Amino acid sequence: MAEGFRGVFPYLVSPIDARGAVKAEVLAKLCEDLVAAGVHGLTALGSTGEFAYLSREQRRRVVEVVVAAAKGRVPVVAGVASTTIADAVSQARDYRAIGVDGILAILEAYFPIGDDGVFDYFRAIAESVPLPIVLYTNPNFQRSDLSLPAIERLSRVGNIGYIKDASSNTGRLLSILERVEGRMQVFAASAHSPACVMLIGGIGWMAGPACVAPRQSVELYELCRRGDWRAAMERQRPLWRLNQAFAKHNLAACIKGGLTLQGYDVGRPLPPQAPLSGEGIEEVRHALSAIGAL
Amino acid sequence: MAEGFRGVFPYLVSPIDARGAVKAEVLAKLCEDLVAAGVHGLTALGSTGEFAYLSREQRRRVVEVVVAAAKGRVPVVAGVASTTIADAVSQARDYRAIGVDGILAILEAYFPIGDDGVFDYFRAIAESVPLPIVLYTNPNFQRSDLSLPAIERLSRVGNIGYIKDASSNTGRLLSILERVEGRMQVFAASAHSPACVMLIGGIGWMAGPACVAPRQSVELYELCRRGDWRAAMERQRPLWRLNQAFAKHNLAACIKGGLTLQGYDVGRPLPPQAPLSGEGIEEVRHALSAIGAL
Amino acid sequence: MAEGFRGVFPYLVSPIDARGAVKAEVLAKLCEDLVAAGVHGLTALGSTGEFAYLSREQRRRVVEVVVAAAKGRVPVVAGVASTTIADAVSQARDYRAIGVDGILAILEAYFPIGDDGVFDYFRAIAESVPLPIVLYTNPNFQRSDLSLPAIERLSRVGNIGYIKDASSNTGRLLSILERVEGRMQVFAASAHSPACVMLIGGIGWMAGPACVAPRQSVELYELCRRGDWRAAMERQRPLWRLNQAFAKHNLAACIKGGLTLQGYDVGRPLPPQAPLSGEGIEEVRHALSAIGAL
Amino acid sequence: MAEGFRGVFPYLVSPIDARGAVKAEVLAKLCEDLVAAGVHGLTALGSTGEFAYLSREQRRRVVEVVVAAAKGRVPVVAGVASTTIADAVSQARDYRAIGVDGILAILEAYFPIGDDGVFDYFRAIAESVPLPIVLYTNPNFQRSDLSLPAIERLSRVGNIGYIKDASSNTGRLLSILERVEGRMQVFAASAHSPACVMLIGGIGWMAGPACVAPRQSVELYELCRRGDWRAAMERQRPLWRLNQAFAKHNLAACIKGGLTLQGYDVGRPLPPQAPLSGEGIEEVRHALSAIGAL
């Protein structure tokens, strides 16, 4: 996979049964179908994957199942998230041993952390494994953020080659691209319309909705790659309606709800998170039907 | 001007002398040069125009000067901003009598206002004058926001035909466009990269930076209109650097500082706002030079 | 009034009729009754007084009516609020000419202002009139805040002798008192329980609820002054319930609603602010009855 | 310990060595000295105890050391914090088995949680162990908050008897007390001045600063208990200065820094958290000296 990551990397859900075990068959089937639909990679343990709700054991098992299911056909990126450097490094090494192709690095925080601490955290992960690193920042849910100067410093660490910024501020992605001068590539998140991000120089997207609309996402990506922006926007609009339906609810509940409608027995998000409401189910059903994903 | 507003509408500064008088000659010269540079309209009393810092008399005088300078060659849109319906309606009627072609409607608030109050405010302005209305919302500086349902309701008021949303959330613009189904058009603000907004269906932008880079802004607009997105992004990038320089400082101070560098004696923002710092002046000088605007 | 301000200063409402005129008789009657109930001062044009919703003429008229009604029996403090130094100084001089005994100084802001600008604004007001100045900061509704270092600097300006901090952070008042070392006194706001503020060294309170419960407020104040904290807390508790009822709704709507229940024809807050809802009226009625204020 | 919790419960730090092991001797010595100084209880794994930075193993070990050190002389309360019900219940049962006397229940969140989920979470913890439960909410650092209606509902769960609210809004504590009508008692947090909270009906405080000033804290508590408010405020003022010094820095870094100055080899907070800066050390040294705690 020397050519690097690009394209559509669905954010996988983490199906967990009532006793706390990962539902390996359900997850493997989902991975298989996504690869068959043409996605360019698989991302385990992102926000949609409820990393913040899983134990170390559950997280590890999710990664094992996804790596086994991918069978090397597409790269697997796994989320490493912690409040401490020691724990994050330990997670990264574990996932490397399991066979992932890249790390999505997430900083959790309780007390605020200065730019130096942020830099130390991400650099330590990068130096702990010989794998490409994707920085992930989500100021809506995480108690930390990556400043532009911190991103620039991190872009000079050899294997930190990507960033996924979920700030909903599309202009910030352009600022990042200007600043890192090619040393780092940008993936869009659910908060952005992918066509816009591709126009300004992005290389793809990592997002939960691609889990329930993989084929449509890949088609949109190909149109953007070919520079056929008019056709891309025609595809973008109904996909954005799906995104909007998701934005109104808990993200994990929505994607799990949508996958359940599509026949995957992924269950509900871990309590005390609420499952998708009846009204939410109807909205998701309607949005999926509109794009031919149901 | 039956065909409606579209294109680049610079947000004009409001040059005020030490005694509080509007510097009419400076403002008229700026308007003249902007029209000569090809801008499609002029917007008085936006954020950059320091509407929040001017008395009723100063505001009125700014509008008079701009309308006289435009000489009907391009439409003039004037900002109406208040906390009360009565005052906003009174401003709108004043500016209509002076001869503006449209109203940029802004809701200021001290105590929070519910959606019904927001709707009543904007509808009352729209019903008070037979002019096209541009809704303006800026959640960063204003203590109110326009929810999607409120925008949808307002899009059904006959002469409310435009919205300028300065939320920095480009995806929100796509949501707005989906929701208003053609009854309302979207202008980008400084917080967005114009090329993205044009791609998703916007019709132009109203922003302070166009004051100091009118020719470059018009060129970018024309490339977007022609669908030449590759060339548009080449122009967009250096213009975004200018935007970024502005985003770090008080907006009025920046645009006034940039115009001063270009030879317009527009003075400083009204105290206690600080003028652009020495460091800020150098950043703006550098960004303007890079696009050939100095 | 050489001994300085202390005690209960109700925040007066501003009754305005449908044509925009100040209802002078209603306001004068309210002032008369408050003085008769024993309040120690009257504050015009605070938050409750809807300063942010009134024109310069309406504000001036409110001050005239209150000064005339007070007849020198208690000090009158008037709110000066603006985004610019020039306008604030002009207001302060107007109110001084009308005969107020002190100025409540409020900084409104659209763009953020640094500490130097904040200091310049308040010092300019203080230097413009030979009257005691009360600083007022309300981070909930105003787009500016007074940092502890700015407060310390301002405490060294001769006639800035008081601060009313509406941050809801009672500990911050103790920090302020520690910092100003006696050069400035602290008034509580509605966000604080007055008994706590008196315990830590406050000298009274300026708040809307005292308009509808003047006698009860004065009794609470006297118990605090005597150091009878047990009895004070017994009075504090039901008054706090009144406060809580108000905190759920628009403050001006609540106080105007409560005064209407008490027979003062003060009308509703200026549109688009909503009047108190039916449910809100019942809550206020219940809270007023519980303290014998209806 | 049938009479229930009351008084000063220091928030213990968690000393961890470079290999990640709990420094049991240091922690035991600190507990011993705090008990000798007269504190009324010990709280392990609060914010100051860096619960958010410790592994399950480290947390368990901290609890073991503290329970052993307390030797039943004072009650030990241990923090249970998680994003999921299953994990929280598992922690609570573990700590119960180790021998704690109460649970401090903390809800962590990544995605927002509605009131029903909040209620379910805390009730599940309460039902999992036959121990008194202290609710802990800190809207500054946690991505969830306890609404007044949720607190009221929770106050009806049998063994939920206490709440520690770190909102910095002292008036909110009075609102809580009004609402729970005696079914729940209130502990102050570092964000509040304890004397105020005692005045309005609190029963003590759980806070990090008591770790470095146990004797002074106990003296302040006793003065409040006796209703000697004048003397209490004299003690409160210098203790508040200590609090202010801490509020400027990372809380764990501050308390660990202060304890280091006092001779406890507790080390620094876990990386990437920064240790107390040189300037911070001087501030803490000065504040501790001023109250005779160094």
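Labels for the chains are A, B, C and D, by order of writing; each one numbers its residues from 1.
Heads up, the rule we're going with is that a contact is a pair of C-beta atoms (placed from the backbone, for glycine too) under 8 Å apart; a residue touches a chain by one contact, two chains touch by 3 or more.
Everything numeric in this text was worked out from a predicted model, so none of it was measured.
Visitor: Indicate the lowest number of steps between chain B and chain D, counting one step per move to a touching chain.
Guide: The fewest steps needed to get from chain B to chain D is 2.
Visitor: Where the CA atoms of chain A average out and where those of chain D average out, how many Å apart are those spots?
Guide: Going by mean C-alpha positions, chain A sits 36 Å from chain D.
Visitor: Please compute the C-alpha centroid of chain A, do the same for chain C, then give the distance between them in whole Å.
Guide: Roughly 51 Å, centre to centre.
Visitor: Any two chains that touch count here, so list every such pair.
Guide: Chain pairs that touch: A-B, A-D, B-C, C-D.
Visitor: For a test of understanding, state which residues of chain D touch chain C in their complex under the given definition.
Guide: My answer: residues 168-172, 174-175, 178, 191-193, 195-196, 199-201, 227, 229-230, 233, 236-237, 240-241, 243-244.
Visitor: Given the complex with chain C, which residues does chain B contribute to the contact?
Guide: 20, 47, 50, 52-53, 55, 83-87, 107-108, 110-114, 116-118, 120-121, 124, 141-143, 250-252, 270-274
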